[in-house]
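Attaching a single structure in structure tokens format; questions to follow.
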């Protein structure tokens, strides 16, 4: 490199997701951040209560969930046909369809489309797919500035940060942190924040409006994702709140939508199910403030140069496992994150992926495989409490899928047995047969007798320390139930 | 359903058998008090959940076979654990399929249909909510996740507790939140597990209860272990043991 | 192999377990589409839910719409408004008579010109009582999408016969216009965000003031 690259947009944090340590290690760091835990507890508590109230208004909620599950299953099980139909519909409506096998291919397509327009910036509406492929950095490397326009994404981008939630990417930040970020960074990248900026969310939102308005008024190219893509009509749907989506989808000359292949739904009528499930599950509203639906290019209205990039990037690998396939039903609503007691304590960054929380714990290891430390630890980042399944609007059986993925991880370790495998093998032997179990019981009872007068054990060295560092351990009683039964009742057939 | 003469096979669960024998003893006490005949098939070991949930399906399959062997001769099988009963119902069919053993799968289906959580056997099979218990203490109940979301015991524990003489049952704030035990989660992710357990313990203390009661001793061991370390002074008790208490003290 | 064919091939081989070629026979969807949601009074529910979003709603007899439009604009302090070409002539006359500077979108106004205009006045296509949602299908009485986006105040007129109970009926009514290629904009209250501490704030990028006239 002869010339140093001068960045156009705020640099994200150093390091990659894949280079992160295992979940438990990340979680410990996040748990130490009291401000973060307070922010998360307040935010998830608020949104849980809203969701419960809005869902309770719909008597046929369970029927809707079953319909959402069935429609998505139908789509996924015949995805090839629906993708071909979507492509035909889009093409007929004047959109150009591109296909990308992986992130690099998708990024190359978007970069070349933007370059062909001869511009050096794009405005973006929040999209999980473009985060997943790290499009912003690919554009930056090509000398193109990608401006995030969703308020939370703007906070994350200006904060040199990573999103920590699917729906509210800056959920880990409170109002005073947001104020500091806006005061420090806005002036470096466009219209500055007013000097008298307070930490009132209304004032902060107004500052974002002013900062981004100039970018909206001049942008020639926008990049979006899509919540749904209707095969029958070629209609794309973006569900949002602030109007930044409408700005991006309406004002520029060129619109590039990066859409995961699982986003297709068969018919327009199917939207009646998802447009009832999504807002109530997601923001806990009867309906989100704005939904845009567009079908290719509309003469005289909005972008006339319309592109759709359909991406695989690991999705066909998920599809190939019938037990993992339900993860593709996800209509990113984030209800599973908001309800998850683990997510509530550690936040999204510990999951090492743009998809955090319970859905991330099942989706990420499938999309990326389980070779890295973080990816193979994700299926274990859950107590299997089951709250996520209860709130999922498309009934993704996340706890069962976590167990399925744990099996895959354990299976891979078979050839490299370690402490865990040895312990499992020993416990497996003990519990596989009554006679082994009774032998082990006598040993446990002996241990109990060696500690006369003690009901609990305090801190112990490894391997007991993960338990006893904070929790006392009860001492096994000197007589097991089985021994008592045999002593008092005699053997039963 | 008349309890008189009903034969019930007790699935003690491995952790209760070794660590908390008072719980299966209490099940025997309550069921015999109600006129049931209780048997304890000695072939039983464990539901295998610890292996299944850690990903070691092969290690869990022998436990499924043991369960079938121990209990296939009984019409009513009862376990004092929402989690272990839930694992039998929800995971044993999957494990039989994993083993590729159709005969086992057929046996599992039969045994699973006859397996009840203690509270289900009392309320649904025996039709009893007042089991004659007396427990003059301030008590709060934590509905463990697997009892609610896998075994689906619903409000049966509350029905039973509300009929206990002398009890002062106080609601637990955020009762529906997981305590953070999670089986091997408690040692694979100890920091998160303890953080969740500390919040649960905090809510228990808020109630001013003398006793925390649940239907799962594993969760109780976790929350109780934290409270014991903190010298919190709240005692823990399994629902079956609470229901075994009668006026006059004899269990 | 090109990316398209390779992805489709990957999908097909991933679905080797699917044997029934007809999607509707393969997976049953136990749902009856297009049903109404029962409610005592559709129009009252619509007003109630729209107010819940902190939009301003005025319900008037059809004959009084022009006056209501002009009154609301004046009360909101609107000095200029862009009007779509197909807007009702009587509304237009009332707006002009109220002394508001009227802009046409013919030829199309630039973004910056639109940004300098206070308000936009439009009709609408369908409204949803249960969710307080107003749907624009961008027919000539509503104009292209940018008109109802850039100005900071949007006054929209909803006819009573355009209000349906819930989302399924609305999607049914909109199917034809989507098939013709029209875009749709679903609006539920003024622009809003809950991105800071999940505290709802009305007014971000879209119109911060939403004025609704319901014409009985």
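Every chain is named by a letter (A, B and C) in the order it is written, and numbering of its residues begins at 1.
Following the convention adopted for this analysis, a residue touches a chain if its C-beta (ideal position, glycine included) is under 8 Å from a C-beta of that chain, and two chains touch if they have at least 3 such contacts.
Fair warning: this is a prediction, and the values are worked out from it, not measured in the lab.
Q: Counting only C-beta pairs in contact, which pair of chains has the most of them?
A: A-C
Q: Determine, using the mean of C-alpha atoms as each chain's centre, which chain is farthest from chain B.
A: Centroid comparison gives C as the farthest chain from chain B.
Q: Report the chain ID whose CA centroid sits closest to the centroid of the full protein CA set.
A: Given all protein C-alpha atoms shown, the central chain works out to be A.
Q: Per the centroid of Cα atoms for each chain, what is the distance between chain A and chain C, given in Å?
A: Roughly 30 Å separates the two chain centres.
Q: Round to the nearest whole Å and give the separation of the Cα centres of chain B and chain C.
A: Chain centres of chain B and chain C, defined by C-alpha means, are spaced 53 Å apart.
Q: Report, in whole Å, the distance between the mean C-alpha point of chain A and the mean C-alpha point of chain B.
A: Here chain A and chain B have centroids separated by 33 Å.
Q: Got the chain B residues that touch at least 2 other chains?
A: none
Q: Please list all residues of chain A that touch 2 or more other chains.
A: none
Q: Could you please specify the touching residues of chain A with respect to chain C in the complex?
A: That would be residues 39, 42-43, 46-47, 63-64, 66-67, 70-71, 73-75, 77-84, 87, 93, 98-101, 105, 149-152, 155, 168, 170-171, 173-175, 178, 201-202, 204-206, 208-209, 212-213, 216-217, 233, 235, 241-244, 246-247, 249-251, 261, 266, 268-269, 271-273, 275-276, 279, 283, 285-296, 298, 300-302, 310, 312, 316-317, 319-320, 322 of chain A.
Q: Could you pull out which chain B residues touch chain A in their complex?
A: For chain B paired with chain A, touching residues are 12, 14, 16-21, 24-25, 39-46, 48, 50-57, 59, 62-63, 66, 91, 94, 145-146, 148-150, 176-178, 180-198, 221-222, 224-226, 228-229.
Q: Applying the document's contact rule, which stretches of chain C touch chain A when the two form their complex?
A: Contacts found on chain C: 2-4, 6-8, 10-15, 17-18, 23-24, 26-31, 33-34, 49, 52-53, 108, 111-112, 115, 128, 130-133, 138, 144-146, 149-150, 166-168, 170-172, 174-175, 178-179, 181-199, 201, 203-207.
Q: For the complex, give me every residue of chain A touching chain B.
A: 23-24, 27-28, 31, 341-342, 345-346, 379-387, 389-390, 400, 403, 405-411, 420, 424-425, 427-428, 430-434, 437, 441, 444, 456, 458, 466-467, 469-474, 476-477, 479-482, 484-486, 489, 491-492
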